[in-house]
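What follows is a pair of complexes built around chain A, which joins chain B in one and chain C in the other.
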Partner chain A sequence: MTGLVLRRIISRHSYLFALLLLVVAVLVNLRLQDNLLEVNVISRNFRNFLPLIVLVVGQSVVIIGGGIDLSAGAIVTLGNAILATLITSESSSGQILLAILLTCGAGVLAGVVNGLCVAYLRLQPIVTTYATSFIFTGVALLILPRPGGDMAAAVRSLYRSTPGGAPFTLWMVFTLIAIWLVVRSTRYGQFLFATGGKSESAYFTGIPVNFVKFSTYLWSGLFAALAALALTVNTGTGSPRSGDLLTLNSVVAVVLGGTRLSGGQGGVIGSILGVVILGLIANIISFASVDSWAQTLVSALIIIFALIGPGLVRLARKAVAR
Partner chain B sequence: MNAPLSRPLTQRITSPLRRLSPPALALILAILLFLLGGVINPNFVSIASATNVIRLAAFLGIIAAGQTLVIISGGEGIDLSAGTVVTLSAILVFRITNGDDAMVPVGLAVALAVGAAIGFINGAGVMLVGIPPLVMTLGMAGVVSGTILIVTQGNLIGKTPEVMPRLISDPLLFGVPGVVFFWFLLGGAMWLLLERSGYGRRLFAIGVNRTAARLSGVRVQRMVIITFALSGMLSALGGFMLLGFSQTVFLNLGDTYLFPSIAAVVVGGTLLSGGKGSYWGTMSGALVLTLIDSLLTAVRARVPEIGEAYKLIILGVTLVILLSFYGRQRNVRG
Partner chain C sequence: MAISLSARHITKRYGGVLALSDGNLEVRSGEVVALMGANGSGKSTLSKIITGVVAPNQGQLLIDGDETRFTHPRMARALGITAVYQELSLIPDMTVAENIWLRHEPRFLGFSLNPFEMRARTSALLALFKGAVSAALEPGTQVKSLSPGERQIVEILKALSTNPRLIILDEATASLDNQQVGKLFELVKAWKADGMAVVIVSHRMDEILRIADRASVLRNGKTVYDEQLANTDEHTLISQMVGETVVQELKTLGSSKEPTERAIRLEMQDVAARTLRGISLTLRDGELLGLGGLQGQGQTDLLLAIFGALPHTGVIQIEGQPVNFRHPSDAMQHAVAFVPGDRGTEGLLLSRSILDNFLLPSWRRFGFPLRMDEARTVAKHTAKDLSVVMAELDAPVSSLSGGNAQKVVIGKWLMREPKLLLLNDPTKGVDVGAKGEFYALLNRLRAAGTAILFYSSDDEELLSLCDRVLVLHDGRQAAELHGEALTRAHLVAASMGTEG
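Moving on to the complex of A and B:
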């Protein structure tokens, strides 16, 4: 009986292991950096985490739907190039809004390209989105051949503000989680999980499988554009290499958060926790004054051990089921 | 896009092509691309430039050999550590031999053993702990490049033995470099392994359906671990060959080969879902990818205003078009 309850809790809340990891990471980090939980430190951390947090929302949706988007980072680069070119310190708020809308449009368009290729032409997601990532990076290079940019101060101060005592970026995270909780309970949310789980069965129960798959890439493109906005506002510049590292980190964060790459299971909350864990690991390594040559190895090892976790939880779940 | 019109149109275009196997299609495409290169630049069509393209494709093809095996084995099999293993192997040979011809066999043996060990750990992580291959090998890539950084402190000392470029990348026989002969030999060996050995039969069996394979007596865990170990070893072999070509090492030497190695496998008609594929498809895929790259370089040499941006865009569009010919998955409608 308790076994059954435990099993239901674990399968319903795939992010439980990530939560455990997060607690450990926070405790370790707190020992090394005792002001970690002060508002201005949280605010600084989340300013750096937010771009990846926004990106993993889209990546999670694609992965739950049974795909993967390896062009997400390239779409961020594209959005970053557009924003850094269009927004200057002299821009009026109308111009800024227009630039943001254009960026979102470009992200959606990129997502439409991916979605058409994967859902309707039935191309294999890993290689297709890898191929389209060249196209998006190329277009970004056309728009912004060399690093530069001059971000409007008003946008930057909004990003750094703390309305109602909590950092603006944290409000954004809560908004994303709220949106996800609503979407998950809608019909579309159920379609999404069904499509990623067993697309044939989903098709036979009348779910528009191809459309759902298509839409996941569209969301991923849109959220990549929003991630580009967060990134550009945070760094204040544009660079043709800005999104390079984000793609693989987004996949790692999704898996850390307990979402399976085979699709049909998982959620956005876990992925967001995954990003925070990755960020805290980077914090810990820099505060523990690890030798700079050893940093890559230490972080890779910590991440591998963190990744083994969900596997162990799954084994435990099987053991409980028996 | 005009949906009602485009569907029968693509069917009409692809149906005669569908009768050809994807590897044959890729090979025909490679020849067409080569001739197209001649239209852009008449000097492109010559024995010398053909040899050069095949030589460049050979390095990619050797690195993609292990990738082919892992992808055929199914279960979302993919090896993202291939790039760093290539780098590690080149660095090992560079350092161990330190320019001494007599030490080349030792260097090669150590590199292959290390590559196999890394692959073994990948396979064990995937099968025994249940980590998805994509994540396991990605993490392994981080561990390997981290280890390289710690051990070398960014300081890559060593020397390439002069016998290596002589045997590998310089003309060896009839003006053809040794690596090309070796690649064709490897192609034969891979054909024997995949089509004429018990290992190959079991590999395709676990790729199609692991449960069915297990029930018919295949030791799936052992097969997958062996396959990852082979992949690590073949990547290390690729790194050894690449050192003979580049004659120097740097920290991201192998990185540029990682995704092309996967693309070569897919362009060659091997399904990423596993259970179906061939190494000669991968060989044709490596040729096609190398040709596209050489072509774009040739175009840029002729029309300098086509910058890096256009090169990337053209590469991406070409890849998508290639994939739409034979990278397609089964329709959900059956």
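Moving on to the complex of A and C:
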């Protein structure tokens, strides 16, 4: 009976393996860098993690709904270009707000394009979003042909602040988790999981499957725009290559967090843990003084190991059962 | 709660096929009506029209005396009409409670889900089946971990959670065990007392006799009989389902010679797999053994088990040697071929050329590097043999008509010269002309000594082609019919699980 309860907990809370991995990553990291858990180090780490954390919220929603968004990074680049062009150190707070709203609008618009193609024109999500990513990067290049930018100091200091003793960025993470938990407990959340889980059955239950799929890309576009905001504020500059690596990292983080790529299962909390794990792996490699030529290789090997982890657990259990 | 439904002279055409030519059904509060009929008589079509899944071409649907037209299942549900289908509408990764309340979840203030109420109301629903389900069936259990019977129960409760006035149980008992069926029937009696109207579509005669008040019989898309069960009996019902159809003899086309002196190709002892619960049979070279019965009684699983695509228990022998195929490629090495029923998903690579499809199982024959010219010649020969109507061998398979595509599915296996051919409802959706050619092909293969195991959902086909028909019911052998006993009446009776 306890075995059954345990199995149920594991299958409902798909991020348990990610949690285990996180503990290991923290312990290893702590040996190499003993001030890891001090507030200013946490603060610095999360300033770097936050853009990807915001991005994976949207990516998780798309993947749970049975799709994938390979244009997420390109939408970040687009948002980064808009923000870096519109916000300067002379901008008033009204202008800054307008720039942020414009960026969000652009993100949502990009999501609408993806959503229309995938949900209503029934195009393959992988190919479609890969193709649209070039459109979004192209527009970004049009807006900001070469790197540059002059971020307003007030915004940067807000991003670096520690209200209530905890870093601002950590508060943002908690806000994202809270939003997810609310969404998860609405009818929309049920529809999302049903659509990704088995869309024919969802359709026969009367769920507007196409609309749900469409909406996931809309969320992904919006969160990509917000990720662009975090990225731009953190780096203080704009670059037409800023989002390049983010797309694949967001997919890897979602999978590390225990969400199944075929949809209908998983959650945002796991994906956020996935981002933190990826960040810590990068930390460990830079502190372990791995030769620079081997860094990419080692980090890729660690990630592959982390990805096959849950499968290994299952294999071990089968072997024991036999 | 009170409801009366009256479907009158309903017609439904799918393309050129008339599925229903004069369907009628009357049902009112406090009544249990059994909708009966053989394979393809239009039962499912009629029940789908009543629940708004399918729109009729002609005819009247009166609900509470008012004429109604449903354009969407939601409209029927709004009037309190719902159905429990066998094709499950459940999401495997979601819990029992989430599935039951999907789309009408109890909520706080119309916004956030109310998990407590959802749980409590699910528990109340599950209590209806208390004693007949395992302790693991709880509101929080994921549907994918349930047994087929328990899933069916969740499906029933999902329909019940919408507080219907009329419920259609379409083969809802097929995956339930005796105890669960007993519970369901207790419930049906309670619903009846509460004034609900119930329509049962079932292939189990004993169940119909046990629970229904009235039976309505469809034959070839027409309602031919409607009578209180008190005034009729099993034999009358079966003869109404069968009708007076005279089976035409096609068997003369093939060798009607008794093949008993031929070698035994396939022998199975007590083989069980998934829905199959223990089948023994013997098949000789040159014999055409039919598998009959209603759909989903284990026929497909039987074929898959032989082909190594489904793990099984029991003994399978080929040419007297016990075999245990773990993969279709093992079976192929023993000259076994399998022609799947669903061309689009299992039998063909739709976007590839006819040539590629023909050669897929046979490339090994043409060496390394591949002798393309030889392969093309052989494929061309096979296509000609089967008289496939096509533009050229390099055209995509998707450009072929249904009958011609089916020829490619069979042809690709014939190129391997199989000794044992497994056919899984191969003529479904194939036009009459192509069927005739296909039958002639089967007879040629038999004459050449190929042993054929042939599942068909078309009773006429079994009666006209086979020497012997094994009727499956609930994964077991209900009857073995041959010679004099191979008649439509016996076939239908055995399909229904009676001795009729």
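The rule is short, and it goes like this: the second predicted complex is superposed on the first by the 311 of 322 C-alpha atoms of A that agree within 3 Å, B and C clash if a C-alpha of one lies under 4 Å from a C-alpha of the other, contacts with A are read in each partner's own complex, and residues count from 1 in each chain.
Definition applied: a contact is a pair of C-beta atoms (placed from the backbone, for glycine too) under 8 Å apart; a residue touches a chain by one contact, two chains touch by 3 or more.
Please read all numbers here as calculations on a predicted model, not as lab measurements.
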Does chain A have more residues touched by chain B or by chain C?
-> B
Once the shared chain is lined up, is A:Ala110 touching chain B (first), chain C (second), both, or neither of them?
-> neither
Of the partners chain B and chain C, which touch A:Thr137 in the superposed model: first, second, both, neither?
-> first
Thinking of the overlay built on chain A, is A:Ser185 touched by chain B (first), by chain C (second), by both, or by neither?
-> second
Once the structures are superposed on A, label A:Thr296 by its partner contacts, choosing first (chain B), second (chain C), both or neither.
-> first
Figure out whether A:Ser201 sits in contact with chain B (first) or chain C (second), or with both, or with neither.
-> second
Check the residue A:Phe193 against both partner chains and state whether it touches chain B (first), chain C (second), both, or neither.
-> second
What is the contact status of A:Val62 with respect to chain B (first) and chain C (second): first, second, both, or neither?
-> neither
Given the complex with chain A, which residues does chain C contribute to the contact?
-> 73-74, 77, 88-94, 98, 102-103, 105, 107, 111-113, 115, 136, 140-142
Spell out the part of chain A that touches chain C in their complex, as residue ranges.
-> 4, 8, 11-12, 182, 185-187, 189-190, 193-194, 197-198, 201-202, 204-207, 264-265
Listed in rising order, chain B residues that touch chain A in their complex are 1, 76, 78, 125, 129-132, 134-136, 138-140, 142-143, 145-147, 149-150, 153-154, 259, 262-263, 266, 271-273, 307-317, 319-320, 323-324, 327-334
Chain A - residues contacting chain B, complex = 116-117, 121-124, 126-128, 130-139, 141-142, 145, 199-200, 203, 209-210, 248, 251-252, 255, 260-262, 291, 293-301, 303-304, 307-308, 311-312, 314-315
